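Common to both upcoming complexes is chain A, partnered first by chain B, then by chain C.
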Partner chain A sequence: MKFKTKLIQAKLGLLIIATFSLFTSFKIHNQSVVVDFSLKNVDGNMVSLSDYKSAKGFIIIFTCNHCPFAKLYPKRLNALNKKYNKLGVPLLAISSTDTLIFEEDTFDKMVKKSRSEKFNFPYLIDVNQMVAKNFKAEKTPHAFVIWKDNGAWVIKYNGAIDDNGAEPSKVKEKYVEKAVDAILQGKEVPVKETKSVGCQIHFRG
Partner chain B sequence: MKKISKNTLFFLIIFKANFLLAQYNNLWIPDTLSGTTFNLILKDTFAQFRTGNQTITGAVNKSNFWGPTIIMRKGDAVNFNVTNKLNDSTTIHWHGMHLPAIMDGGPHQIIPPGASWQPYWQVNNQAATLWYHPHLHEMTQQHVTKGIGGFIIIRDSTEDALPIPRKYGIDDIPLALTSRRFLTGNQMAFSLIDNYGDYEMVNGTLKAQLNLPKQVVRLRILNGEIQRGYNIGFSDNSTFFVIANDDGLLDAPIPVTRLAVQTGERYEVLVDLTKATIGGTLDMIAYNSASELQALTPGQNIFGWPGNEGNPSNPTGNNGPINGGLLNNTNFNILRINIVATTSNPITLIPVTLIKNNYWTTAEVSKSRTITITGGQAGTAFSLDNAFFSLTKTNQTVNLGAVEKWTIVNNNIFGHAFHLHDVPFHIISRSGGNMGTNLRTYEQGWKDVVWIPISGSVTFLAKFEDYADSKWPYMYHCHALTHEDEGMMASFVVVNPAGINQENYSDLDFMVSPNPVKDKLFVSSSNPALKVYYIKIFDAAGRTIYMMPMPKLNEGIDMRNFKPGTYTIQVTDEKFKQTITKKFIVE
Partner chain C sequence: MIFIGSTRCVKQFLLFSIFLSILFSSSELLAQNIEVVRFKDLEKKFTNSSDTTYIVNFFASWCAPCVQELPAFVSFADAHQKDAIKVIFVSLDLKKDYKKTLSPLIIKTNIRQIVFLLNEPVADTWINQIDKNWSGSIPATLFINSKRQYQRLIAESLNFETLNKLLP
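Coming up: the complex of A and B.
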């Protein structure tokens, strides 16, 4: 009797675990998964990951206009997109900053920034900060490399773009490039996570 | 064997000489802000401290670490506009300033990102070196470590008349002493185990050097550390002269060869360089090795620890040894001084006397209190009187105008730097503990931080003058930033028992006009007895835009910086602390 009860409990437990994992499949083989989004681009159109039918992966950069450290990177973002877009890994920049606090980050100013820096990639506004929360983005800039894996978007790299903000010529480690190159060559990403460096994204309460 | 040509040798020598010089970075001297209206913008930025990536920092106005030195005069009415452009809430506390609690910038006065806080006060302090720094509960260590803060220099006519150096940046130098621990990628560490930095910084400059003229110079020393104490001396072991401590000048210069400075403390010293050699050097050194500290206080280290400072053999956390920095238990350089030519109108003599201080006496005491340092054992955090800080609790109530005797008792495992807000105090005794029974002569004078050694107690007298507010508290706490963040802090209010307002008013009927408004918004009441305690203005999204403690309303509130739209004004009355909110439109 006791034995049978235990068996039922075990079966029930398995069932619960199976059901639970169905609904919370955010971790596959210890990999973090992010969900698609639909955000407004500086050209006025809505942009989703699913719009890019042939994309193998994405370089997602959380950035903003106001942060002094983010201001160091526009040229490098253009170069990244120029290099990897044609290889099926486009770059999307997302601003999740609280625009009520930082006037410099309002949509109008994003449009201006995109023009003045000649951004060759979409610059999206994450008005309700949900995408930043989904990615657990902390800083501006904060880079993610995501890749399609069984229909899900898996984070393959999470952290800094490279290891020197103000002195591009002294960069020793191009983390994002190394990650994308490795995946494109079918190799393991050498450095999967670094500490993103920049201004803290202030999440509204 | 290859011959090295004369030229090559010459270049090698030059290279070597340059290399030696390049070991030091020129000390950054903060800009000054003078006058009576001050705008401070707190911001996130970055600084190139080390080779490789830049370090994310916090700073005020144009700096990339730390902020401008604010110069004000006793008697002036000063107005501040503190705008928080950080990606985080914070507060700004005017350390050492005697002002109303609501202007004090303690943990209750939270400035959300994007908001401007507008405190003002009459400068009652005498000439002294104060400082401003964040004081947000549980975040003080992080915000101070990032670099937010600055000096305040108060001048007055008594000090003006003294023959002491006063040329800022030339013979009168502010020195904010700190140390930092850097993580991989050169980012600053601010976890609870990062109490001690690995690299010394003066005014945000690593390996600082400074040119000082061959004459008497004045150094305004601030210990802006997380927890480290400094035992300061000079490489030639020369005598230097303490002329002021936390809150003002002493009666006369005190000659010393070593000066212990704890977190939050300020000491002004005169260094006589009249006999120094132009082109020569002198090092300002922290003589913090175990043997030096024990020579200072036989038997035990004065800097908190029962034995020596924590050392790298301590358990190692993620960022390095817990409580162990590379500088612990060592003598290390604070500042390289290069002696240069004498300036015009130099000060060449150490004055014999300074000012006449009149301290409170025990005969005036109307109330005695004892504060006990508690907690800290078996891995728990330190506390005061067995309670952690609470934003909603008032721990002491002090009568306006009372001279009180406070005794801080430390029967505990660590020394602490006790800081009192609102008013300066005068120490009358230190007993027990590893500093002996005697106060150091340079600890006389007006203080707002005092070192409480292990197994010791300190008694001081303070007069709680001028400002009563039964709602808004002042703080007392340990100035080791990790200790206060963990709750070794408590609050007191100053009340005016004689001044209880018997007037009755039933209706709170504040009005705002004109509405819609363009230039100036006026807040008024039909009941002249109603006084405004606090005004906050929120935008349409509910964000705090302006925070105005005890606003001066005669001239109206300037609306010219407001964008057109609907705003909410929240008015709190002085007596009942009740709030009324009204909407208004800016055209």
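Coming up: the complex of A and C.
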């Protein structure tokens, strides 16, 4: 009996995922929605959005080891997570790079990177690149702020982390921080989308 | 004694000056083939009233497909030397990395013209100025002829044939 209900639950879950996948490019009230995922963290554990019961939103950063632009941000990512994790908006870093092309982006090297840079956030590997496709992430680094809205994860911000990768001291606009601050204050996100230069995520066919 | 000493001095001085000139000329060469520009100055190089088509290739040494297509742009530029067609190479490499990555690539690919290193950190501004529909992904190539009011951005890899096809 128990087994049966579990089976039904699993089927229901699959159905929900399937419908959501169909709707990923769909927009609810003109807002893009993404689905939850389960990705392996550098500590070996699987991580999902649903693991964070009290999270109001997330800062999702598509990044990688090899990209010169991604290499500019580890300290800033640690600072972001330090500031917003306690406010209910944890940061998750995801590497979706094709590890066949970029040897520097293998899981082992991600583990090393996470240790050497003292990442205070999960660094997840998106082996089949499904999460990057779901978010429509294009490059590294590529930041998203997602927020829980009626049980769905809605993209509130999409683009650069801030407006100066090369020189942190010259940053004038902290796009991600501004977006999160605005939502936490119940306000509209001032800049919802920005463009940036980064390393293209090559999707395997 | 004094005489011998002074010739030694002269010799040393000569050697030192040769050494200096080698040092100086090599750094000058770097400055000769890479020019760091802001966007407003770069824009002036491909927007003028002459009937010239500019092919502005945005690349970076860390972008594999960009590196792959560079030789086609070099031979395209060679083939159109006598035409009103000019290829402009714009590197999006980080300024701090140019010696390590960009310079060797320029030599390896045999780019004989100046490569502009775009030093414009706020990408959101200049990317939109090139093309509102461009995400900033590279390789990307801008075809522009201001006199003919032709402007087209192709954000994908190109080769010799496709380059020719895209001319106005």
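The rule is simple: the second predicted complex is superposed on the first by the 178 of 205 C-alpha atoms of A that agree within 3 Å, B and C clash if a C-alpha of one lies under 4 Å from a C-alpha of the other, contacts with A are read in each partner's own complex, and residues count from 1 in each chain.
As a convention for this text, a residue touches a chain if its C-beta (ideal position, glycine included) is under 8 Å from a C-beta of that chain, and two chains touch if they have at least 3 such contacts.
The structure presented is a predicted model; accordingly, all values stated were derived computationally and were not measured.
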Kindly say whether there is room for both chain B and chain C on chain A in the superposition, answering fit or clash. clash
Considering only the touch criterion stated at the top, classify A:Asn164 as touching first (chain B), second (chain C), both, or neither. both
Quick one: classify A:Pro122 as touching chain B (first), chain C (second), both or neither. neither
What is the contact status of A:Ile101 with respect to chain B (first) and chain C (second): first, second, both, or neither? both
Touching partner for A:Glu138 - first (chain B), second (chain C), both, neither: second
Just chain B (first), just chain C (second), both, or neither: which does A:Pro74 touch? neither
Counting contacts the way the document defines them, which residues of chain A are shared by the two interfaces, the one with chain B and the one with chain C? 67-69, 101, 160, 163-166, 170, 172, 194-195, 197-200
Provide the residue numbers of chain B that touch chain A in the complex, in ascending order. 43-46, 48, 52-54, 56, 85, 87-88, 113-114, 183-185, 187, 539, 541, 543
Hey, which residues of chain C end up touching chain A in the complex? 60, 62-65, 92-97, 121-124, 127-128, 134-138
List the residues on chain A that touch chain B in their complex, please. 67-69, 98, 100-102, 160, 163-166, 170, 172, 194-195, 197-202
In their shared complex, at which residues does chain A touch chain C? 66-69, 72, 101, 138-139, 159-160, 163-167, 170, 172-173, 194-200
